[in-house]
Every structure is written in structure tokens, then in C-alpha cells.
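Comments concern the structure below.
Lettered A, B, C and D in written order, each chain numbered from 1.
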Amino acid sequence: MLELQEIIRTVMIIILSTVVLALFGIFFGLLYKGIDRKISAHMQGRIGPPIRQPFRDVGKLFTKENIIPENAVPWVFNLAPLIGLVGTISILLYLPIGGFRPLASVEGEIIFGDLILVLYLLMIPSLALVIGGFASGSPYATIGAQREMATMIAYEFPLAIIIITIAWKLGSIAAGGLGVENAFTLTAITANPVWNAVGPLGFIGLILLLLVLIIVTPAELSKIPFDAPEAETEIGGGLLVEYSGRNLAMFYLTDAVKTVVMASIIVALFFPYNLSPLLGLESIPAYILDFIFFLIKILIIIVFSVSLIRVSVARLKIDQIVYTYWVPLTLIALVGLICIMWDGTMMESYGWPKIVEIFGLI
Amino acid sequence: MNIIDDIILHSPALIVAIPLLGAFLTPLISKINDKVRNVFVISIVLFTSAIVLLLANDIYSACGKIHTYVFGGTAAITEGGFAVRILFEVDGLNIFMAIITTILAISGVIYSWAFMKENTGLDKYYTLYLLMIAGMFGMILTGDMFNFFVFLEITSIASCALIAFWTSKGKAVDAGFKYIVISAIGALFILFAIAILYGQYNALNMAVLASNIQFSFLDKIALVILISGLAMKAGIVPMHMWLPDAYGRAPASVTLILVGVTQASLYGALRMIFTVYGGKLTTTINQIGDVNIDLNLLLGIFIVGLALVTIFIGVLMALKENNFKRMIAFAAVAEIGYIILAIGAALTTVFSATDPRTGIMALKGGIFHILNDALDIGLLFLVAGAIYYATKETSLNRLGGLARNMKYTTIFFLIGLLAVSGMPPMNGFASKLMIYESTYQVNPILSIIAILCSILLLAVFVKVFHSAFLGPKLPKFDNVKEVPKSMLLAMGIIACIIIFIGLFPDLVVNNIVQPAVNALTNNSNYINNVIGGI
Amino acid sequence: MIEIQDFLRTLGTNSGFWNPLVWGIIIVIALLIAYIIRGRGKKEYKKQTEQTKVFLSGNPELEKEEMHIKASNVYWGFMESFKWLYTGLEKMHTGNVSDYILWFVVVIGIFFIILGVI
Amino acid sequence: MIYNIPYIAVVALIMIGLYAVVFKRNLIKIVIGILLIENGVNLFLITLAFRQDSIAPIYRGTGSRLMSLPVPHALTLTSIVIGVAVLALMLSLIIHIYRHYGTLDARKIGREEE
């Protein structure tokens, strides 16, 4: 039974952590955006803007006029950017940021959200973009918005496969599953890293899934080659074409926070390891070390899934995006899923060793 | 013994009798005045609802309580062991469905006031409307196979006449004809199956049948026909094609109740599978070569296969459709798919002795989704009706910019959009979460397809949001005004319930869904309540 | 009977949890933060000027009806990728009541084979 | 063998009815098909009630003579009544359809653009 005092304590913790995580997300999102721009500029042989450029961009946008076009439906048009940012910030609460447990949970048993919730919340920023684009009442924005929606449908298929596969590996009571309680919660996923539980076949499956997730990320973030919704060269910024001033700044911030969110999800699903147990550290030094390690992991993932891909590939057409995700990538993800499912049977019936046992890590 | 106890004692009969009586009084009352008629109809429905709530309170007061009402006697089985008396047996599942019907009926009648105001022949409209509600209550509450068939036909006839109510439109009449052909054949096949069961066990009573059933070859044929017939009435792919026609052409207030009718058919299928056949499903084994397969597994896999096809084809067709109401109808098909997905997944695991938890959770999700589906789809149909009322347009291609003129309708549509596509914090999310997080134990592919199609549903309704509500202000809709208050009230009632369920899902699951699931999984309770009373 | 604490309970599914109230608190706080951030921006713009006209790369604006993208043109990219699927689906939906019954008979047949014969 | 003939007739009636519903274009013929199915089902119910050498269950005091079951007769009566209602409704809808489209071909009705 929950006591009143406990309820108040939980509510206070949640309020406090929302504030902290909102600021964390916005600051590091913009910072990573700057780093990403610098790195991709270097890859193209340019010097690139300074790392603090995104902060300046936001500052500049706040001083610009906030135009509401005459064809727009004002209340939807203004509300969409806010909802996008709010939805993105709320995801951070459910993720294990910096190697800690998800902040929206009470120590021990009570957890308030899980991976499916995160999957759905991830749609909110995209949905806000789509509705904002539709609400602009401009043909360009409408085209961009419907492309964003089609992209969303497209990448959600492989993303769902990845998330369900990992949860299945942990939670299934059939052959190969670990039978972990609450397999969809991120606490359980970080406590039982999937790599430790698979054999050679499952290892291949996980690699495939990781690969697909890395390719899903740029679409989730509307980056080249999957930025057909924005496509500056054909439809002039697409769904953002009528946005300006502070509304555009909100979308800019949403994008920044979402980058951190996506990278954190990849970290939580595939790389939940911490350095501190290895070095035998405890309490505050351990927290600091883990946090820094977490930031580095995020940076590496952003470099691989955003900077590298967007520099090296050209933009795809919208029907190509849908096809890419629904046919080749879904097939790869399904192969990964089948590998992981067979892996369990192999380990059970033929006694195949786990991959960690092969490398002698346990 | 006070009057409340008396009412509760006779409530199953009253719930059907009052709307039935009201239906045939309506033409008389309409002679007086339109206002009086409206007040009369809503008071009939409200009175029925009050009795439903009293009965619900009674059922939920004790765990596993079943209210049996025998017509013309006290014992269900006469001396000499003939189970010929008609009886109504109300357990957790029945009352759950009755509550859904109540909500739909109240908001449907309130909505009709303004929505149907300009039509003639409203006395007949309300007569048929009440008849339909009475038929639905009968289908839901009855404990007798033949009675089920009779109420099914009453509902079909009333709803068919209502679908074709706008006889000035050729397509409406066409849809009505299709509906009556479908339901007549479905009902006749169901009667055939009932006759097969009667021929073997000399009983029409569900509980008596359930206690005697042997699962002979004839029983299997009866099961096949029963499930197929009810599945057609529930609109499961590939037997769903009547549904967009009927839903799309009927007046919106009628469509709302039609949603309930499909749910009632689904309830019938659940009752047949889990209660009538439930006791013998696991002990019957089919042989393929040397491999033995439990019948529940086979049945579950078949239903899951149908469900996946239903979900997928439902959303894909909805994505392409440009007629607002037909589009919602296809979405309704997909939503029904979620329910039977959960039921199929539950069938495969719920009877297992080692770990029934997954199956029970899936069943909970499925039953919970029946409620959510009725509310979400119902709300969207009401919104579609409101748009039709205001603009006289049904094609999305000719709409646009209505968010400026119809603010409240837009908000209700947004609530419906979020709920039907299962976005948090609406009710659809809670039940879909339960479905995803239990069906993945059966096979991960099930939850993957379910999640994907839920997002496709989101895309479907975002398209509606764009083409009907957003966009530039169209000159031809300059004079469009917000719909009358009674229509807003009807939408508001459903929207409030949606948000309430969305915010307190655990409360609803524990207090309303759990008894329904217990009633399904524990059919010996249902049987003993009748057989034990000899 | 229902108590206040029942309202606060988290929905558990054996595999995960969902508490809408906690999410609601997060959303309210985050909305507050976002609103404060948004409030630091400039509010005004020049109404009823060239500024608020729709951007069409300099092309003249058409009539309002023409400016609204029709519902049947939305999701072109998706339809284009799955043309083959949709042609099949459209062939299936003939709109004949006879075909509806045919499907019913087919389903009974398949179901009978699965349940009765096997 | 002779007692199986009604059952064969039942199956034949239902099959012919289904054939008419599925393969005939004319709406009236579809309705006739439905009626055939209905008659088949009714015949089935009646056949179930029959016992050899039995009398109608309305006589009392006939000693030990077998009575046929009364319940299926009641069911059949109800079913016939419902069937008449459905038939009337279908025919009235057909009248409306004929007024709108001037044809009873199932493949030509309800196809107009809105």
C-alpha cells in the first residue's frame, strides 16, 4: 500500500527529475548537434561552424518574428511544436540516462513505464511535426508532412521488430528465453544485457538488429538520406516551411533532444555496460565515471548513425524510403529475429555455448 | 424485501422488456409531440441503464457471482431433467457487455435528437432504435442458444431497417440489403448449428450443453459453423466486406449502435468457445500423423491467423479509403482484429496447466479492448456524423479547414484519433499494451504486426485530421457552424469515458475486466449455477 | 469497495508497466518548462501583410480549394511502393453480396478442414 | 436408410440455396436462395423431433405411446415467423433498389459515384 508521504516523495522526485532531465536533454542535444556538424564538415573537407553554433542558432531564432500564416489553423499551428518538445522530454524520464535506473520509477519494485511506452512516445515528436506541417496550410508543408508520416510508418516496422525481439529474448518462457520478469522494462533490459545471453547464432542476429537500429536512427531524426520530409532542395524545408521564430526554435530543440533520446535507447538496448564495476569504484566517483562513459557512448553512436551516414549517402525518394524499410531492412531484422529464436533452441538441444563463454568473459 | 431487491431479482428480464415495450409505445407517444417522444425515449434508455447499473453492482458485489433468471419458474431444469426453460444467465462477461451497450445506447439516443431532426418518420426510427437496443441486450444476457438466435434476428432486422433508413439514397438501400442477406444467412447457419447441438444433447441451454458436450465429430461441425457465422457478423476478414457498406451508409447514430451489435456477435463467439466448448477444448486431441495437437492450440492458431489478416487488411484498406465513414469502418475491422488476436493468443495458452498467466493477460487485454474499441470507434463515427451534419459531405476530398468552425468537434476527433491509434494516455494504449506484452510470448511476430498496424491506424486518422480539419479556410464552408449541443453532449459523454479509462486503466481492469475474464476462464461456475439448482 | 489508492495504482502486464498519472505529471512539468522557454522568444509579427502569405517559391497563390491537398493524394509514397498489394486488395472488394457469401463459405471450408479433418 | 432421406434433403436444400445465393445475379433469386436455406434448416429441426411411431405431443392419456418432441416444433414455428419478417424486409428493400437503379442485377447496383 502506498502511503501518502511516499506518494508525495515520488511526485517530488518526478518533478525534480523532469526539470533536470529537460535541461540535460536540451543542453547536450545542442552540444551533440554542434559536434555532429563539426565532424561532418571535417569529413567534407570544410572547417565547419564552431561547436556552440546550435546555441547561437536557437538564440537567433528567439529574436525573430513568429509568423503565423493566414492559411494556418493558429491553435494547432502553435501547439504542435510545444507538444513535440514536451513529448520528447518525457521520454528521457523512462530511459536509464547516465547508467542510472530510469528516473520515473521508485527504487526497487515500482516502475511507471516500459519500452512499448517509449516506442509510442517516440512517435509524439514526429506526430507533432506532421500535424504542425498539415496545420500550416501550405502545399509544400503538406507534402512534407505526409512524407514524414509515410517515413514513420516505414521505419516503425523494423523498430518494432527490434524492440519485441529483445524483449522476447529476455521475457519468453519458451526455448531460448531467459524468463525474466517485466521484460519490457528498461530496468530489466539494462540489468540483463542481451549479449550475455546469446550463442553464436544469436550473436549474428543481434549484430543484424543493431545494424538495422543504426539505420533506423537517421530516419527517426529526419536526417539525410531519409530527410525527404524536409528536403530543402525540392520542397523548401517541407513541413517546416511556414515555421519561423520561436515555433521553429521549439522544433529545433525537439530535434536536438530527440537525438539524445535515440542514442540513449540504443545504449540502453545494446550497450548497457558501465565502467565502474570494472574499476571497482563506488558511490560518487562511480556515478561521475559512468555518466561520462555514457556521454561518450552516446557520442560514438551519434557519430556512426547520424554523421557518418548523412555525409556518405544521398537523399532517397519517399517511395524508396518506404520500400527500403519495409522490404530489405525488415527482412534483415526478421532474419535477426529468427536467428535469435533458433539460437535458443540450439543452445537447449545441442548444447551450443553462449558467446560470452566462448570469449571467456564469464 | 424492498423494491430495489425486487428490481434486481427481475433485472435481466426488465433490461430486455423495458426497451421492447418502449419501442412499441413510441409510435403512440409520437402522436403527442416530438419533444415528448424524445424525452420518452431517453427516459426509457436511462431507466434501462439504471437497472443495468443496479445489476452490475449486484454482480460485482461478490466475486464470481452469477445472476440466473428463469422465465416461468424458479429452477432452470424441470422435473424429469428437461432443460426446456428459457433462462437469462448474467455473469461478469454479460454485465461487461451490457455496460458497453448502455453507454452506446445513451449517447446514441442523445445524438439522434439533433442529428435526425430534419428527417420524417422519426417515430419508426425511434421504434427500431429501441428494438435494436432491446435485441442487443437480449443477445448479451441470454443463457439459451435458441434465444440467442431470436435476439440476433431481432437485432439484424431492426438494424437493417435503420441502415436503409435514408431510402432516398440508393447506396443506403443497397447496404441495407447486403446487411440483411449477410445476417440472414449467418443467423440461419447459427440456427443449423444450434439444431445439431440440440439433436445430440436434447438441450438448448448453454450451461446444460456445456456440461454434456462430448466433442464428437458433429460437435466440431457445429463449432465451425457457429464461429464462422458469428465471425461474419463481427466483421472478420475475409468476411468483413459488408461492414464498410453498412457502417458507411447508415446514419451516424445508427452506426454507433451497429458497433455494439458487432461486439455482441463477438461476445457470442466468446461464449461459445470458452463456455459451451471450453471444458472439453484441452482434453480433445487432434492427430496429424504421429503428432498430437490440442484442439485449443489448433483453434487458437486459426483465430490468430484470421486476426493478423483482419488487422492488416483493415488498416491497409482504411489507409486508401477516402470516404470518412467507410474509412472508420475499415479501422473498426482492424480494431476487431486486435480483439480476436488477443483471444486467439489466449486460447493457445490460457488452458495450460503450467503457466496460464500469459493467456489470462492476453484475454484481459482483449476483453478490455472490446470496451475501448466500442468507445473509440463510436466516438469517431459520431464525429463523422457531426461533419456530415454540418457540411453534408462524406468524401474527405471535398472537406477542409473545419477546425476553425468546429472547435469542439475537432477536439473530440483528436481524442478519438489518439485513442483509436493507441497513443498514451488514452484508453486504447492501455489495452493495446496488454495485448502486445502478452502475445509476444506466443510469437514475437504477433506483437510486431500489432504495433505496426497501430501506427498505420495513426496514419489513417492523421490523414483525416489533415483533410477534414486543417488546411486553408475554404470559402464554401464559411457558413458552417458548430453542431447542436445535444450532439456535442453525446460526443462529450463518450470522450469523458475514454479519458477516464485512459487515466485509470488499472481501476477499470481490476473492477470490470477481471470478473469478465474470470467468467470466461472458469466455465464450471457458469455450469454449476444452472445444473446445481435441480 | 473502490478506494482512493486504487486510482493511483500502476497497470501491470507481467512484462511491463504503465502509469498514466505519472506521465501526466511529467507532461505538465515539461509543458511548463517548454512554455517558459518558448516565452523567451519574440511574440509579435506583422499581421495581414505579405509576411503571412503562403510560401510557394514566388508562384502566385491559387484559389483556396486548389491549395488544399486532397485526401486521395496523401501518402502517395506509401501507395506507390505497395501498388501490387493494393491492386490485389481492390480486386478482392468487389461489392457483390454473392462474393461476400462466397468468402463465408470458403472460411467455413478452411475452418472445417483445419478442425474436422486434420 | 429411409430415415436418412430427410437429412439428405436438408443438405441438398442448403446446398441449392447456397448455390443460388453465391452464383445468381438476380436479387430475387438470391432471396429465393436464402429461403431455401431457411427451409432446409427448418426441415432439419422438424426431422430431429421425429420419433418412429410417435404421435403429436398435444394428446393426453394415450397410454404409453411415444410422443414426438415438442421443443423443435416450437423452434421451427419461431424460425418461420422470423423468416417471414426477414423475407418481407428483403423484398421491400428490393422494391426500393429497383426504384433507384431500374435493375435487379447484383453487379450493377450501388456502383454510382457520389
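What we mean here is this: a contact is a pair of C-beta atoms (placed from the backbone, for glycine too) under 8 Å apart; a residue touches a chain by one contact, two chains touch by 3 or more.
For clarity, every value in this text was computed on a predicted model and none was experimentally measured.
Asks: For the chain pairs B-C and B-D, which is connected through the larger number of C-beta pairs in contact?
Replies: By number of C-beta pairs in contact, B-C is the larger.
Asks: In whole angstrom, what separates the CA-based centres of chain B and chain D?
Replies: The answer is 28 Å.
Asks: How many angstrom lie between the centres of chain B and chain C, each centre taken as the mean Cα position?
Replies: 23
Asks: Between chain A and chain C, tell me the centre distance in angstrom, where each centre is the average of that chain's C-alpha atoms.
Replies: Using C-alpha averages as centres, the distance is 21 Å.
Asks: Please compute the C-alpha centroid of chain A, do the same for chain D, then give the distance between them in whole Å.
Replies: 61
Asks: Among the residues of chain C, pick out those that touch two or more other chains and give their numbers.
Replies: Counting only residues that touch two or more other chains, chain C contributes 10, 13-16, 18, 23, 54, 64, 67-69, 74-75, 78, 82, 95, 97, 101.
Asks: Which positions in chain B touch two or more other chains at once?
Replies: 177, 181, 185, 245, 358, 395, 401, 424, 429, 433, 437, 440-441, 459, 463, 466, 471-473
Asks: Hey, what residues on chain A touch two or more of the other chains?
Replies: Each of 71, 114, 116-117, 137, 142, 146, 149-150, 153, 167, 171, 184 in chain A touches at least two other chains.
Asks: With chains as vertices and touches as edges, which is it: line, ring, star, complete or other?
Replies: Topology of the interface graph: other, matching no listed pattern.
Asks: Where on chain B is chain C touching in the complex?
Replies: That would be residues 177-178, 181-182, 185-186, 189, 217, 220-221, 223-225, 227-228, 231-232, 238-239, 241-242, 245, 286, 288, 293, 295, 298-299, 302, 313, 316-317, 319-320, 322, 357-358, 361, 365, 395-397, 399-401, 424-425, 429-430, 433-434, 437-438, 440-441, 459, 463-464, 466-467, 471-476, 502-507, 509-511 of chain B.
Asks: Give the list of chain C residues in touch with chain B in this complex.
Replies: Chain C reaches chain B through residues 2, 6-7, 9-16, 18, 20-21, 23-24, 54, 64-65, 67-72, 74-75, 78-79, 82, 85-86, 89, 92-95, 97, 99-101, 103-104, 106-108, 111-112, 114-116, 118.
Asks: Spell out the residues on chain D that touch chain B in their complex, using ranges where they run on.
Replies: 14, 21, 27, 30, 34, 37-38, 40-41, 44-45, 48, 69, 71-72, 75, 78-79, 82, 85-86, 89-90, 93-94, 96-97, 100-101, 109-110, 112, 114
Asks: Which part of chain B faces chain A closely enough to touch in the complex?
Replies: 355, 358, 401, 403-404, 422-424, 429, 433, 436-437, 440-441, 444-445, 447-448, 451-452, 455-456, 458-459, 462-463, 465-466, 469-473
Asks: Going by the contact rule set out above, which residues of chain C touch chain A in the complex?
Replies: 5, 8, 10, 13-19, 22-23, 25-27, 29-31, 33-35, 37-38, 40-46, 48, 51-57, 64, 67-69, 74-78, 80-82
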